[in-house]
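Okay, got some structures for you below.
Heads up, the next two complexes both have chain A, just with different partners, chain B and then chain C.
Now for the complex of A and B:
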């Protein structure tokens, strides 16, 4: 039972990270109807940016979230303005945007190889090995911090989408872009901002992930798949759905080690198996595919 | 677009058709025969060096993978970033067959291909109900998971140290002919697939899944079938590749780079066309040998830049460029363009 509780806490903490990573992917898809394949690349870039800021300037990784997210936001806006905007919308642009953003991902990866080599890096701060003790369990400080920061990010997004003019405009564009132009919403600007926000979320997720796991330039493809599983499970745009889906994914991953004889290397395939199960059992996601509702 | 009933020859009497391959136009058949004859005469006439012959053999294999990828990515519009999984399975299964029993090489290659096709069905049957980008992301997962799992299955793949295959003298020279043969089969199969009712079904599914299902085309069956065929072809090519190098390791066979190259070759040439992937594979090999061999640290970025530039400026790749020039000079009629890549990547959508 003790063991079970520890694993449960571990999955809840991990779920926060997954939810933060996934939300950006879901947001961009919900509004622009584009799957941002550069998501994995930006996750990787965020991890390296945090690591680099810590190694050179000594900036604490949690403080560097703000400059890294801001830079990623600008990067996202630029990518949208320069590249994505030029593609046709809808089904015809689907394959094109996929290949284009895949190309962006490859370029990001190559830059990371050139700058930082292909070796695994870890972000080690003075408190990386510290742990809180709760009852008999001990929990890494970093994991708790990541969880609460991810929670704060999600809460911020919820307020942004619900309470501000920008958020309402984003939701409106997701529902019907044509009507938005009629009531004077600058949809091109909303698209650019949404792309920027989604990219910033990916970078923030990558940075948070870097405080927990080692990373290399190929970091991000597993995270992209996990984000995708969360989006499919939880539906689009709903924070609660995303959170629950992230929790399910994290629990399945963590509890799979309880299965006797379960080989560790198969954890890589857990996300995929879960994806297939969802597709077979509930193709519409757990709560139906609501679009930013 | 009309989906014709199953009497393609009778429906359009004015198009001249050869009696043997009713799907292939006469010009295309002549072109194919000429190209294959040239490739067959090349070693005897010009006495190429071992390096050149090696390069051409590899090009044959790459063309086959590009065409096989194109069946799924071009005809069906389901872009796979995980085709290295079947390439690797084909290679390793054939290697294991060759190492454990004494059978002719061809049997092992076919065996590897069939297992690869079945492997494709295993992950593809559930994921093919995803359309477009969703499917593509799932295939990234398939590729990564396959690479990890097969690297850890040391009893089967030899782990990171790889497997050495039995070596037979003269096999490399013979594989030139096998590769050429496979290439000819793949080109014919691509035409057959495109022009048959199966190909029309795929096109219908690509355009609109629900509408296709309404007129009696089972998306599940058609997609599974084409994925199996694509996996089979990629698997056989992987098996050839394994025998050709007589040494394979999972990091290379299942690598992300293999998957990218399959995508890239079709994109360079023109997704959804038949000549396109062939040209794309040739350009790809030339590019890799000339440019990337000198700057190995830049290849991922170069692939990325190529993808971005092609998609932005000419989504139909070299074929798009060809059609554009043809239209300007009036040499190519617009109908031909529309026919070459129906519902392609968007450039020539009706």
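Now for the complex of A and C:
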């Protein structure tokens, strides 16, 4: 029972990290219908930005979430204005958007190699190895912090999309951009803001990841794949679905160790098997394809 | 005259042909040695270290006027290309070096997967390929004739470490039987490590019992389930084989979970500055590691001492790590074989390499390429242990040891008394 409780806590905390990394990808797909492959590059850039702020000015990684997310937001808006805006909309722009954003990712990665070399970096704070005791289990302070920040991001997105004019406009654009033009919603601005918010969330996710494990310029590839699994499982465009899917993925990965004879190195594959099953049986995701619900 | 005319023409043609045929041999005043290294990409840091080793060796021999090939001094020319840490590029560049650049011999790249891909090209083109960057036994089990490896297999890493553990057990410092939680990355490196530990445990006839035997995916994000299993097994020893990022992530989770084992190891990882910076000195102390080479060998091996001196002189007093040492030794071995063969003939140099037995900077002090191991060096590893003062002295094998190893891990007694 104790072992089970420890595994459950570990799954919930891991889900927080997965959700934090996937929100941005889900938001951008939900509104622009673009699979943002630059998401992996921004996750990596967020990790380096947080590390750089900590190493140079001593800013705590959790405090640096604000400037890093703000810078990433601006970066996202610029990328949208300069590049993404020129792509054909909808399915017609599918392949072009994949190639273009993959190119952005490669550029970001190579800039990181130039600036920081291929060395692994780590963020070490005074509380990096501190633990809390809960249900006789030792839990990393960092993992708890990441979980609560992921919850805060979920709440922020919910309030933004439900309670603000911008959120309502984002949802409207996601539902029917043509009608939005008719009623005077500036859809290009909404797209740019959404791309900016999605990019900011990716950078925040990367920074949170950097508080837990080492990173290098190749950081972001595995995270992008996990985010993709989470977003598809949760139903493209569903923010709450993303959070629940992150929990399901984390639980499947963590609890698979209890299967006798199951090799632990295959836990990552479990997520992809789940992805294939969902795509075959429920192509809209476990919680149905929603428009930013 | 008419009868002589065709003969004269024939003779003239023969002279021309002979002149053309001998022209390249006369023109060759230098030996072209090709190599690729991961100078960019994921392995760029280590690729740069190997380059330092290669550069030092080439500079040293060229200063002496080059290699003595059959009584003639020939300068060395290194044609080094960047394989960008990718297998496909490593293989295609090796092909380019052999068939376009017409190099005489090849030096290998770094990392098992790259060497694995590149060695196929060398074998197909029948060119001697000496590498110091591929340790997996899988590379040398293919029956290749032209591939020579200086990195001892990771199985020996595990065996060298277990021999030290065994000496501590025999001294009564570790329980008998001692239980082992064995955790290894799912790569050929990890599989060789696992093989070394499990075979040692089997041969010990009850001295060791593997109670956890689990693999994990490279670059894991969460090892809590795996560590939970290790904790539940209450093993005496925690032996893992991991790359640096996984070592840091796993050890961080190990520490926060309040775990402690009488012996703890992450294979070749342990004394890295990055790990100490990431985890804190107090959280890496008493970790045991085993590596292919250490600059501490300078005190015990004259050749290693000379190498360390030359390296420091060239690179601003910096101590070399095993990567630079292996790079240097790989180049030095090929140079020695060419001189001993007295020829640039590939087959002659291959045969010389296959029979070579020379003093070496490697632990054990001698180097050869045993045919029974697929021409892979089987030198011992040096076992080190992180001490509270931040140093990581060699604790085994006895002929290289500079300090006495500590077992059981004193940190466990401290955490138990808290």
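We adopt the following convention: the second predicted complex is superposed on the first by the 280 of 293 C-alpha atoms of A that agree within 3 Å, B and C clash if a C-alpha of one lies under 4 Å from a C-alpha of the other, contacts with A are read in each partner's own complex, and residues count from 1 in each chain.
In this text, a contact is a pair of C-beta atoms (placed from the backbone, for glycine too) under 8 Å apart; a residue touches a chain by one contact, two chains touch by 3 or more.
Predicted model, so just to flag it, every value in this text is computed and none were measured.
Q: Evaluate whether chain B and chain C can sit on chain A together after superposition, giving fit or clash.
A: Here chain B and chain C cannot both sit on chain A without a clash.
Q: With both complexes superposed on chain A, which partner does A:83 reach: first (chain B), second (chain C), both or neither?
A: A:83: touches chain B, not chain C.
Q: Of the partners chain B and chain C, which touch A:265 in the superposed model: first, second, both, neither?
A: In the superposition, A:265 contacts both chain B and chain C.
Q: One more residue to check, A:213. First (chain B), second (chain C), both or neither?
A: After superposing on A, A:213 lies in contact with chain C but is clear of chain B.
Q: Just chain B (first), just chain C (second), both, or neither: which does A:95 touch?
A: A:95 sits against chain B, while chain C stays out of touch.
Q: With the two structures laid over each other on chain A, which partner does A:222 touch: chain B (first), chain C (second), both, or neither?
A: both
Q: Of the two partner chains, chain B (first) and chain C (second), which one does A:106 touch, if any: first, second, both, or neither?
A: first
Q: Can A:254 be said to touch chain B (first), chain C (second), both, or neither?
A: second
Q: What stretch of chain B clashes with chain C when the complexes are fitted on chain A: 116-124, 242-250 or 278-286?
A: The listed stretch with clashing C-alpha atoms is 242-250.
Q: Give me the intersection of chain A's contacts with chain B and its contacts with chain C, in residue numbers.
A: Comparing the two interfaces on chain A, one with chain B and one with chain C, the shared residues are 113, 218, 222, 263, 265-266, 268.
Q: Residue numbers of chain A touching chain C in their complex, please.
A: Residues 3, 6-7, 10, 14, 17, 113, 117-122, 124, 128-131, 138-141, 209, 212-218, 222, 226, 250, 253-257, 263-268 of chain A touch chain C in their complex.
Q: If you look only at chain B, which of its residues touch chain A in the complex?
A: 73, 77, 79, 81, 123, 126-127, 129-130, 132-134, 136-138, 140-142, 144-145, 148-149, 151-152, 256, 260, 263, 267, 271, 297-308, 311-312, 315, 345-346, 349
Q: Which residues of chain A touch chain B in their complex?
A: It is residues 29, 34-35, 37, 83, 86-88, 91-100, 102-111, 113-114, 218, 221-222, 224-225, 228, 232, 263, 265-266, 268-269, 271-272, 275-276, 279-280, 283 of chain A that touch chain B.
Q: Would you pull the chain C residues touching chain A in the complex into a rising list?
A: 40-45, 85, 185-186, 214-217, 219, 221-222, 224-226, 228-229, 232, 244-245, 248-249, 252-253, 255-258, 274, 277-280, 283
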